[in-house]
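Dumping the structure here so I can ask a few things about it.
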Amino acid sequence: MHTQRFYTLTGSCPDRAGIVARITGFIAEHGGWIFESNMHTDHEQQRYFLRIEIRADSIPYLLAEFRERFRPLADELGMDDWKINDSAVKKRVVLMVSKQEHCLYDLLSRWQSKELDIEIPCVISNHDTFRGLVEWHGIPFHHVPVTADNKPAAYAEVRRIYEEVRGDVMVLARYMQIIPPDMCRDYPGRIINIHHSFLPSFVGAKPYHQAHARGVKLIGATCHYVTEELDQGPIIEQDVIRIDHSDSVDDMVRYGKDIEKAVLARGLRYHLEDRVLVHGNKTVVFR
Amino acid sequence: MHTQRFYTLTGSCPDRAGIVARITGFIAEHGGWIFESNMHTDHEQQRYFLRIEIRADSIPYLLAEFRERFRPLADELGMDDWKINDSAVKKRVVLMVSKQEHCLYDLLSRWQSKELDIEIPCVISNHDTFRGLVEWHGIPFHHVPVTADNKPAAYAEVRRIYEEVRGDVMVLARYMQIIPPDMCRDYPGRIINIHHSFLPSFVGAKPYHQAHARGVKLIGATCHYVTEELDQGPIIEQDVIRIDHSDSVDDMVRYGKDIEKAVLARGLRYHLEDRVLVHGNKTVVFR
Amino acid sequence: MHTQRFYTLTGSCPDRAGIVARITGFIAEHGGWIFESNMHTDHEQQRYFLRIEIRADSIPYLLAEFRERFRPLADELGMDDWKINDSAVKKRVVLMVSKQEHCLYDLLSRWQSKELDIEIPCVISNHDTFRGLVEWHGIPFHHVPVTADNKPAAYAEVRRIYEEVRGDVMVLARYMQIIPPDMCRDYPGRIINIHHSFLPSFVGAKPYHQAHARGVKLIGATCHYVTEELDQGPIIEQDVIRIDHSDSVDDMVRYGKDIEKAVLARGLRYHLEDRVLVHGNKTVVFR
Amino acid sequence: MHTQRFYTLTGSCPDRAGIVARITGFIAEHGGWIFESNMHTDHEQQRYFLRIEIRADSIPYLLAEFRERFRPLADELGMDDWKINDSAVKKRVVLMVSKQEHCLYDLLSRWQSKELDIEIPCVISNHDTFRGLVEWHGIPFHHVPVTADNKPAAYAEVRRIYEEVRGDVMVLARYMQIIPPDMCRDYPGRIINIHHSFLPSFVGAKPYHQAHARGVKLIGATCHYVTEELDQGPIIEQDVIRIDHSDSVDDMVRYGKDIEKAVLARGLRYHLEDRVLVHGNKTVVFR
C-alpha cells in the first residue's frame, strides 16, 4: 500500500507468448511507472489475467485519453473485460442491511476512519432499526420494507435508489432477503454478499443450525458475488473459526459474527481495489 | 452458552485428593444443579483451579447466604481467591479510548446488540474525538486530557470517575497512554489492555514498525491484564494474522486492527464470564 | 499431559442434579486422586458427558475390581457407555494404507519417537508399495489386494487379521477403498478415516477436484469415524489451509497432505486418550 | 504449479520506470513464453524485485547462452543478484539432524514421493541415531560427532562433505548445534534452519520452556536463513498453533513438532523454487 495516486489496469485475455512485454512495453512508451503488478495464467483455461498499478503522475495524458490509447492493444490481445480505474475516484458503496448490527458497525467504523476510502451514498434496509445510527453518521437512510406481496415494487425502489445515487457496488451486509434473479443478472459482479457458512457447505437458510446438526469443528463465512443461483456465485474470500462440542447455535452465531465482518471487509476491499477478476464462476484475487 | 440465570464459582487452592468431591458434594447437598464445570491442575505449581456454573433456581438460598455457607469449605481447602458471581448482575465496564476508532466501534456494536451483556457506565478519553458517537449511544463521555505535566491529576480524575460509576473493570481500547504504576497496583486483574503485537515480541511503542523492520511473516495482538511492568502482565488471549513482504507498516496497522478488536473482545468476554483465573503472571482461561 | 499412570473414566448419562458429586464422591471414597476432569452438558439432548483421569496409585484396588465397584453407580445414573481404561495398557492400532505415503510416514515417525505411545501390530494395504518401509520398522505388513471381484473375501481377510492381532482401532491412513457396510456396523467408533475435504463439503471421490471447480479459498481435511454412509460419520477433528487462484489441483493435493496428516494425528490422539465420546452422529472431544 | 520444464529468472535492482518492460521485452524478443511472473517494489528501499518463469522450450538457446544474452541488461539495470535456474536441474539438499525424528521423517517422506523433487546426496548427523532409516532409503549417512573440544575439526569435516557432494543448500532439520560464524559467513542464503519459536520471541535455547514461563496462548516455529547472529537471520516462513493453560512443556514440544515440520517444508520449498529473494535481513517470498 502506498498513498500516491495511481491508475489500475485490470483485465484478462487468451494466453500466448509476449503479453506482459506488449502491455508493459505500451506503458513504458507512455512514460508509465509501474508501482505494483500481478499476473496469473490459468493453464487449464489457457487464460491470462493481470492487474497493474501505474503512478498517475507518470502518465502525461488524461485518463480518458490513456484509455483510448490502450484500446487497440486490448483489442489485439482479445481482452474483453479490461478497465483502467483512477485511485483518486472513490467508489460509491450502497449498504443493504436488516436487523443485525455487526457488519454495519464494522463498515461504518472503517469508513469513518478512512480505512475504507469510499463514499457511502446511502444505506437501504427492510427495517427501520438502524436509521438513527446511520443518520448520525450523516448518511441517508432508506427504509424499503419487503413483504411476500410487495417484492417487485420493493426491489424496483431499491434499484431506483441505487441508480439515483450512482452506486458502484451494493453490499449485502447481512441483508436477510434474497435478491430477485433479474437484479442479479443486471448487476453482475456488482452485488457482494456475506454468507454465514464456509460455502459450499450449508447453503441457504440457518447455516449455523445446519453446522450444529452436522457436528463440524470449524465454522466459516464466505464473501461472494451474488448470482441468480442462491449462494453459488464466485467466491471472493472465506475464513473459518474453531468451535467445539460445548458451543450452542447461539455461540456459533456469536463467533460467526467476528469472521463474517472480517471476511466481508477483506472481500470488499479486494473488490474496491480492483483486485478481483471474475472468470466463469471463479475469481482471481490479486492480494 | 445458555440463557438461564446461574451462579459462577471460581477459585484455586493447593492440589490434593478429593477437592472436586468436596466442592461438588457441597453443591449437591444444597440442591445445586451444575450447568458447566471446568477444572485444571497445574502439576508444577501443585495448584488446583476450578470454575463451576450452578443453576440459580436450584439453590434455595440468597446468594449472600450461599456464599457464607461456602466460606468454611473454601477456608479448609485453602482457596484464597474464590468468588461466586451472579449472571444476572451485569458487570460495569469503563472504556478508555484515544483517537483510534476500531475497538470502540466494535465494543459499542457488541453492547448495542447485547452480545456483550454489560453496562458501560461511561467512556473516558484523553481526546474529545468520540464524544459525539458515544453520547449518541446514550453513554456519558469524559474528556480527561493527559499531558506531560498533568499526569497525577489526570489519573486521579480517571480513578475518581471509575470509582464514582462503580466500575468493575477498565478496558484500554487502544488507549495510547501508559497507566501509572500505583493505579496498576491498586486494580490488579481489573485493567485490561490490548497490545498490538504478539507478546513478548515487540514490547512498547510502535510494534508494527518493529515487526516490519524484523521482517516477520505474521503479526499479532495480545489481550492482557495491566501490571506495573509495561506489556508484561498476564496474557488472556492472543491471535495472529499472516502478512507478507508486500505489506507496508500502514498495511500492518490495518490488518492489525482486525485482530486487535477480535482479541480484545474475546479476552474481555472471558473476563466478564469469570473464565480467567490469574496465578502469578499467568492465566488459566476456561473457555 | 503428565507421565504418571492413570485410569481414565469416560461415559455419558441423562442430565440431572448431583452427577459430578456422586461420581467424584465415589472416587474420593476409594481414595482416588483426580488428575484432570472434563464435563459437558448437552442442554438440547439433556445429556451429561464426562472424562476423569485418576492417579492409578491412589486406588487401592486392581482395575477390574475398581470397575466392578463403579458398576452399580453407573447403572443408577444410566451411563450405558462407560469405560475405565488404564494408561499403562497401550492401544493396538492397525494401519490401513494404499499408495500415498504421507500419513504412513507421519504415523511411523510418531510411533518411532513414542510421541504416540501405541502398538502397531501390523499394517494392511491393498498394494505392496510400502512393505519395505513398514518391515524395516519391524512391523508386519499384509498385502490384501482388493478388486471389483474379491471384495467379500478381501475384507474377510482384513477382519481376520484385525481380530487375530487383537486390534483396538483401525486407521484408514489414506486407504483409498470404501469399507463394506457390515464391517462399518460391526466396528462402530473403531474405524477412523481421514477425508481430504472440509466435510460436509466435497463428499466422495476427488474432493480437491471438486474444490478447484468451485473456486474455494480454503481447503480442508476431516478426521471422522467410519459409518455405513460414506463420509457422514461423527467428526472428530477438522482443519483448513489457505489456497488461492494460482493453486492447481496438484498444488491442493500437496497442501492438503500437510493438513491431512496433522488432522489425522490429532484426531487419532484424541481417540487413543479416550477424549472422544460419540453420541448419535456427533462427538464430544475433551481436549 | 505445472509440470513443464521452465527457467526461473530472479533478481532485484534499484527501482525506476520501465523495468518490467525492459525485462519482459527482452524475453519476448527471444521468443520466451512467460508462465508465471511476480514483481514487488519496496517503496522504502526504492528497490525492485522480480521472479519470472519462462517455458524452457520457448527459448531457442541453451541456458548458458540465454544467461549471457541477459547479462548486459542485468548490468544496465543494476541487478547484482540475478540468477536463471533450470527446473530440470534438481537441487542438492544436504540434511543435518540430531536425535529428533520429526523433520527428518517428514522430509524423507516428501522426497520419497517426489513431492520435493530434490536430490539428497547425504544426511549428516552429530549422532548415529538415524543411520538405519537414512541408509534404508539409499541415502549416505555421515556421523560427525560434535563435542566441546572438536568443533573446528567437526565443522571442517561437515564442510568437506558438503563440498564433496556439491550441496546447493544445507537444511538444519532440528540439528541441535550452533553453526560456527565462519561457516555462516561463507554460505549466505544457503543454510536453512527451523527454530522452534515464533521469532523474535524466545531466541536461543529451550524456547518452549520460555514460552511456558511467559504464559503465551500460541506457540510458533520459524524457518530462516542462518547468519552469524543466533536466530537473527532473514525469516522465510513462520506459523503458530494454539495452546492453553492445560498444556505442559511436553505438550508444547509435541504440538510444536507439527508446525516445525510444516514450516520447514514450506520454507524449503520456497527456497528450492527460487521464490525467496534476500535483501538485507529480510526476505521477499513470491508464493
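In this document, chain identifiers A, B, C and D correspond to the written order of the chains, with residue numbering beginning at 1 in each.
By definition in this document, a residue touches a chain if its C-beta (ideal position, glycine included) is under 8 Å from a C-beta of that chain, and two chains touch if they have at least 3 such contacts.
Just so you know, these numbers come straight off a predicted model, no measurement behind them.
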item	value
Between A-D and B-D, the pair with more C-beta contacts	B-D
From chain C, the most remote chain by mean C-alpha position	A
Distance from the mean Cα position of chain D to that of chain A, given in whole angstrom	37
Euclidean distance of C-alpha centroids - chain B vs chain D, Å	41
Shared-contact residues (touching 2 or more other chains) in chain D	2, 36, 40, 43, 246, 248
Residues on chain B engaged by chain D in the complex (per definition of touch)	40, 42-44, 198-202, 214-218, 220, 234-240, 244-246, 248, 281-285, 287
Partner chain D, residues of chain C touching it in the complex	1-3, 36, 100-102, 105-106, 108-110, 112-113, 115, 132-133, 136, 246-248, 250-251, 254, 257-258, 262, 265
For the chain D and chain A complex, residues of the former touching the latter	2, 16-22, 24-25, 27-28, 31-41, 43, 58, 242
